[in-house]
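In the two complexes that follow, subunit A is the common piece, with subunit B as its partner first and subunit C second.
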Partner chain A sequence: MVIAIASAAVVFFGARAVSNDYVFFAGYTVLQYIVLATAWNILGGYTGYVNFGSAAFFAMGAYTTVFFHKSLPLPIPALIVIGGIVSGLVGFGMGYLTLRLRGAFFAIATLALAVVLQTFVVNWDYVGGSRGAYIIRPSENVLTGPYIQYLFLLMLSLVVVGLVCARGIERSRLGYGFAAIRDDELAAEACGVPTLRLKLIATTLSGALMGMAGAPFPYYIGYLQPSSAFGLEYAVNSIAMPMIGGTTSWVGPLIGAILLGSLQQIATVTISSAVNLLIVGLLLVGFVIIAPNGIVGLVQDRLRAGAK
Partner chain B sequence: MDLSFDLLANAVIAGVLLGGFYAAVTIGVSISFGILDIVNIAHPAFIILGSYIAYIINSSFGIDPIVVSIIVLPVFYLLGAGVYQIYYQAFERYGQESLRGLSFFFGLLFITEVLLILVFGVDYRYVEASYIGPSWHVGVMDFPLRMLVPCLTALAMFGVLQLFLSRTFMGRAIAAVAQDQLALRLMGASPMRIKRVAFGISIATTAVAGALLIIIQPVEPSVGREYIGRVFAICVLGGLGSLPGTVIGAMLLGIIESFTSTFYGPSWAPAVGFGVLLLTLAFRPSGLLGR
Partner chain C sequence: MPLLEVAGLSKRFGGFVALDGIDLTVTEGERVGLIGPNGSGKSTLVNCICGTLANETGTVHFDGRPVDGLLTHERTRRGMARSFQLPRPFVTLTVADNVRVPLLYTVNARRGHALKPDELDSRCAELLQLVSLFDKAAILPRDLTQVEMRKLELARAMAAEPKLLIADEAMAGLSQSEVDDIVGLLIRLNERGITIILIEHIMRAVMRFSQRLVVLVSGKKIADGPPETVIRDSEVEKAYIGE
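Up next is the complex of A and B:
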């Protein structure tokens, strides 16, 4: 915990020392992906249930912000909490309806959820409909100076919260319950693990974190339209990052998100954004086939082989 | 409110015709997901691929899109068999199909879409054929040929597949894979080989479904995403693994969607499939004609 906060402080002041706003813009995106990847991994990596609707949960957080921006302007930290609650509730509802059935149904339902929520947002004029919504962002903030640094700091604290949460779960009874579900749900159920309740906890937590990651997004981007909030790249990245990093521990999504996130930032600038998505897709397929346990798994294998 | 008979009758007809087309789109998933238990969420991506192949050949040689799709059937069959081979080698053999197998298909879906965007851009593409445009009129009812032809083609494909599955040796073997793989192995048959054939057939149907799609509407690479929810909704609604159930489910969804777009506006139609999927999963997970 202390280490996490200390390293976060190092990252922030390190970025500040470079004193280039671009570092904050690019860094924000990478941090956002760390939160998304960690959130996805709480459900996908620990319990083995695949969520393809990360973009939907993310967008829900973002659109909660747009809604409140228009009706009742609140400070962003409050919006993050509200966005988290909204997305968490949707996650709970989805899980309640589909998790009692086979795992595949949950995956399909999340995939369809993104399409449907997008339909709702497109038809909802109050939050801009298909035209999108403008969010005027204040240029200064008392705490940190430039506003982007404030957003960066917020996202950094979300990363800390997410990672501490994931690490805590991993070492608790909850985490062992999740692992039991992943390895053999039937056996877990027979041993008295309350599988449905645990799965619902996982979906709610994971959905809430994704919503929290999405809440500051409108302030970051300045102009939010449905196709950018529901972009497939969020769904793909939040799956690809844990898969490439390694799904069984909290380190995996972190490594995956930092590597893939930075790679994409570089590729977007140097090549083109379509090509960079292609790279993500190819890496995802390549890693699930060749290195099923991701980078963390590769390193562990190497260490084990070295010990012999 | 005066619900005119004309409007109602035409909404039903449009729904049934649309449903026929949905049956063609879903029948492959019904085989892969319903019978083989392979959650191929990349199915719509193969359909879009089929649409683009129909588009390329139609625009350069002027061959009818449905004829094109029948010519490329073997290619799609081989593609499907190849994908299954990778899937089996990398995931199914180790019992890891749930998490990694799903991610694999998701990656395929994504790669296909991005590649198509890179090659063709995001412009809408369409085909030309003599039956696109005119319609038949019976009394007050309209039968637009661009919907009628795909619907009839779809039903023909359903008929052929149903005969194949219930009458031929291979068809029965595929049904046996769904029932008990261990018993099949004890009989000296290889479930893997049979599943490869079945998955090949499932992907082959996307060649036809893709051609039908581009006859009905102009196509761009991300259109396929709308079909994911729809396809699985139909599959679950009809009952997993039941081909007649698939056709009934497709017709039902077609009619519901056609009513939604007639009375509430077409922008709501994509939400219908998902609603149907959730309700079915919540109340009758085995579907209408489930096992």
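Up next is the complex of A and C:
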């Protein structure tokens, strides 16, 4: 916990030392992906339920902000909390509706949920509908000076919250319950694990974290439209990053998101922004073949082999 | 005092009647063998008793209270444990953690009985020692042999501190000495006061283990009594050998 906050402070002041706003813009995206990947991993990695609808949860957070921006302006930290609650409720609802679905069927249901929610937002005029919505970002903030630094700091705090949360789960009773569900639901139930309730906890937590990641997004992007909030890259990245990093531990999504997120930012600047998903695709294929358990799994195998 | 009381239990899959009005009473501390040809409904009966399947008619009482409508994990918490026909270990957890899961979710879930971390560790060790898997605590289940996997299955069931243990074909595919090993283990568990229902095809094991034998044929209970009497029963002979 202390270490997490300390390293977050190092990251923040390190970025300030560079004194280039671009670092904050690029860094924000990477941090946002760390939160998304960590959130996805709580349901996908720990509990074994693959969610293809991450973009929907992210967008719910973002559109909650748009809604409040128009109706009742609140400070962003409050919006993050509200976005988290809204997305958490959506997660709970999704979990409730899909309790009996497993494997591919669950994945398809989450994909369907994303489509349904996108259609809903496109047709909701108050938040901009298909035209999109403008959010004018204040240029300054009392706390940090440039506003982007404020957003960066908020996202950094969310990273800390997400990672502490994930690490806490991993070592708790909840984590063992999730792992048991992932490995064998029937056996888990026979061991006294309340599988239905735990699945609901996982979908809610995961959804809430994704929504929190999405809440500051309208302020970051300035102009939010359904196709960017529900973008394919969120769904794909939040799956690919934990897969590449390793899904069994909180370190995996962190490594995967930093690696893939930075690579995408570099590619956007140096090659073209369209190369992003190509990189993800190629890396994913590569890792599935070479290291099916991600970087963390690869390291663990090496260590185990070294011990023998 | 009866620990488990099954009355008039029926289960059908579509038009197929898998269980037809089963009555079964098991007294505390008893060792009951449950046999029957393939497809006679043994596993279905276990699944209905444990709540994995819902029975259409009939009731199940456990420890003096009805458990109908309760989910499997709730029944497990009341003291009903089972092992699976095919071992179903948690493959990404170590052997010790496989046992830790039921400890966390049954013993620790009961009010006022939460174990401290070091108590948990020692309880895990105890359970693994009981089935002589202690030196394998840190490895993954995929590196276990068949018989060790069965033992892990039993240790995991035992972790829930059950009153009743239902062992569903805990010995299928094992060698003779391994079968003796498991039977010995089950009898030791019974001596600790656990009621056991053993479902098995290996007659040698069933005869050695059971104090009472129950025979199921096509979803009906056709015999229930002392093993020596039951296997001489003409109906049982007919079901197994034909006329």
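Note that in this section the second predicted complex is superposed on the first by the 306 of 308 C-alpha atoms of A that agree within 3 Å, B and C clash if a C-alpha of one lies under 4 Å from a C-alpha of the other, contacts with A are read in each partner's own complex, and residues count from 1 in each chain.
Here, a residue touches a chain if its C-beta (ideal position, glycine included) is under 8 Å from a C-beta of that chain, and two chains touch if they have at least 3 such contacts.
Source: prediction; values computed, not measured.
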item	value
Superposed partners subunit B and subunit C on subunit A - clash or fit	fit
Touched partner set for A:A179, first subunit B, second subunit C, both or neither	second
First (subunit B), second (subunit C), both or neither touched by A:A109	first
First (subunit B), second (subunit C), both or neither touched by A:A202	neither
Touched partner set for A:L224, first subunit B, second subunit C, both or neither	neither
Subunit B versus subunit C as contact partner of A:V251, first or second or both or neither	neither
Subunit B versus subunit C as contact partner of A:A187, first or second or both or neither	second
Winner by number of subunit A residues touched, once subunit B and subunit C are compared	B
Partner chain in contact with A:V90 - subunit B first, subunit C second, else both or neither	neither
Subunit B versus subunit C - smallest C-alpha distance in the overlay, whole Å	9
Contact residues common to both interfaces of subunit A (with subunit B and with subunit C)	none
Subunit C contact footprint on subunit A (complex, rising order)	173, 176-177, 179-180, 182-184, 186-196, 248
Complex interface listing, subunit C residues touching subunit A	50, 52, 71-74, 76-77, 81-82, 84, 88-93, 97, 100-102, 104-106, 108-109, 156-157, 159-160
Subunit A contact footprint on subunit B (complex, rising order)	33, 39, 41, 86, 90-91, 96, 98-100, 102-104, 106-108, 110-111, 113-115, 117-118, 222, 225-226, 228-229, 232-233, 236, 267-268, 270-271, 273-275, 277-278, 281-282, 285
Parts of subunit A lying in touch with subunit B, wherever the complex brings them together	44, 48, 50, 52, 97-98, 101, 103-105, 107-109, 111-113, 115-116, 118-120, 122-123, 232, 236, 239-240, 243, 247, 274-275, 277-278, 280-282, 284-285, 288-289, 292
